[in-house]
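Below, subunit A partners subunit B and then partners subunit C, in two separate complexes.
And then the complex of A and B:
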């Protein structure tokens, strides 16, 4: 279930990369990403804490993470 | 000169008949600001300290011509609509005083402002002051106190904290250093204008010779400012006062403003200080150090 405010989509191939998962977990100031050996999980409960800082987009390969605005 | 507002800036107050807005009206008029009208739906025909009240922004514009700014002081549930109304009626500088606005609605306000070429200061802020010219918002409180704390000069001030804006200005004033414009940008996680977004305005203002910012743990604004300074080879020396150093020992604690969520490494005071100093920003450990650091940086530039 997406948040009320944004949704985050991670490219399926990138989502399984443990190294990128760790980068995403470290980059997000509000814990939207949780890393494990299996890759990254989006923590839906934290989606509405997003500050639109774009650090996740910068941390991942170009185009592999999308912050979808649900308010436009 | 100054940035964002001058003694000639015509602005309105949306929600002018509310208790907080009535006080703002008095304080801003006493300071010399040009408030041409106020808006409260259903209260047209009244006045607040001589400022005529209208039902909507369009009515003010029809009566008084284009207005450049608005202070929005309405309850959180109505703020987005009030800001949209201001933007759609051509208002370009909007100070949003209200706090506790849902994040989604703040994002919508900022998005529309960007699309229409308008600028939002705040939310959850005390606004803007160009000392001895005008103020737009609650900066400094009553006019007599504001005149004591703020003096005309060459230092630009930007702060996430409204109270600390006055604290810094007052410290500068006491040291004989006046201010060009001081901006309280707001303490929320998403704000309409960041430090880095104000820098081009200060950079273009011939009156401004240096900048002071108030910095807290949490958030990305100082990192963005440091990047902007490096990328644009800024002519302006910057001094940052860094509060909340104790928080590096207390991970996960929040400093007060909603925008100061401390989680990531980049958010800590140690990391912020390192980034700012690497970009040439001087960091003050105590407020009283700010004037000497500014004077030192200005002297290095031969001023």
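And then the complex of A and C:
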């Protein structure tokens, strides 16, 4: 479920990659990503804290992570 | 942060101020013992932070140790402005020839410390200033240039004190000025400073207010005076609303949002930015508005903090609308605060468009913030609208 203002969508194939999951978890300053051996989980409670820094977009393969502003 | 009299005197003692023999006691038998040891007559004084002890009957003069013990029991339960005694101070009773007043405080308009001196001490200085202005002197001094006894001498001399009294009081007033600067005080006061019958001078009562922000810097002094880290020394205990605000702020390290003071009005305030809170609070009042709270936000609080603060203010009985206003911000993101307050309104079951009377936070990421406000129909303005006018708009909406 998206936040009130922000949604983050991770490509299904990338979401299962443990190495990328770790990168996403490390990159996000507001803990939107949680990594495990099974891949990455988006922490819904933190979605609205997104600072639009795009570090997650840079950490993942091009086009595999999308940050959506729900107010636009 | 205010000191009790016995703490103020302990600080004065370190600076070799002339003081009477004294002892704080915590039982009638200790009072008797102290009076016998010091030598009667003695003054028995309630230790409270507020003024008006004498009028409340919380200061007595005892001729014998037994009388001191009986006054202890009499004074201890007396409330002075709703405050009960922390302890009782037993002190030598001095034969007074004349009383003076000396205070060092900060003059916000002149942006400099000021020495206030009067040769009519022992009573309300405001009353003296009103009825006998020629008996009160005001002498500003610099925090940059070296402090010299000449300034103290000038302050005393202005009310006509001269000769031996001037020479004897100068080092006392000069020391008080040094204490004021050394410990980052907002007030250092001696009232009365007494000339005794033998011509010597004695500090009979003292007030110290330490700048709350300087507590960390003076940890050692506070510990030595026995002032606990948890002692707030506020004029009144915090309300449930204020405690809840603190909890909101303590949730995470990001920014400040939750430093609130409760008032009775109907307009909730989410305000801040480098003195902006005071300006905005005053602006609301100048427009005839009634703030429900004072508040300080800044330093880029998280969305959740701004959200929880909004919910707290909206939950306060009597709050009809909230005004979200800040000075131009560079270290707080407009869009993050906008998200927080809009979310807080929605989670409180209220329509942001109806409950937010005005959103006036210009600065970093304002375009992004304004997009959010537009989506939710919230009235907002940029830096072309002054803080004063924004406060006026907020107040006007309550009357509509």
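Note that in this section the second predicted complex is superposed on the first by the 72 of 72 C-alpha atoms of A that agree within 3 Å, B and C clash if a C-alpha of one lies under 4 Å from a C-alpha of the other, contacts with A are read in each partner's own complex, and residues count from 1 in each chain.
In the analysis below, a residue touches a chain if its C-beta (ideal position, glycine included) is under 8 Å from a C-beta of that chain, and two chains touch if they have at least 3 such contacts.
Please read all numbers here as calculations on a predicted model, not as lab measurements.
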Residues of subunit A touched, compared between subunit B and subunit C (which is higher): B
Touched partner set for A:38, first subunit B, second subunit C, both or neither: neither
First (subunit B), second (subunit C), both or neither touched by A:52: both
Partner chain in contact with A:5 - subunit B first, subunit C second, else both or neither: both
Partner chain in contact with A:18 - subunit B first, subunit C second, else both or neither: neither
Which of subunit B and subunit C A:28 touches, first, second, both or neither: first
Partner chain(s) touched by A:71 [first = subunit B, second = subunit C, both, neither]: both
Subunit B and subunit C contact sites that coincide on subunit A, given as residue numbers: 4-5, 30, 48-49, 51-52, 69, 71-72
Contacting residues of subunit A [partner subunit C, same complex]: 4-5, 30, 48-49, 51-52, 69, 71-72
Subunit A residues touching subunit B - in the complex, by the definition given at the top: 4-5, 26-31, 48-53, 55, 69-72
Subunit C residues touching subunit A - in the complex, by the definition given at the top: 302-304, 333, 336, 339, 342-343, 346, 368, 371-372, 375
In the complex, subunit B residues that touch subunit A: 103-105, 107-108, 111, 189-190, 218-220, 259, 261, 263-267
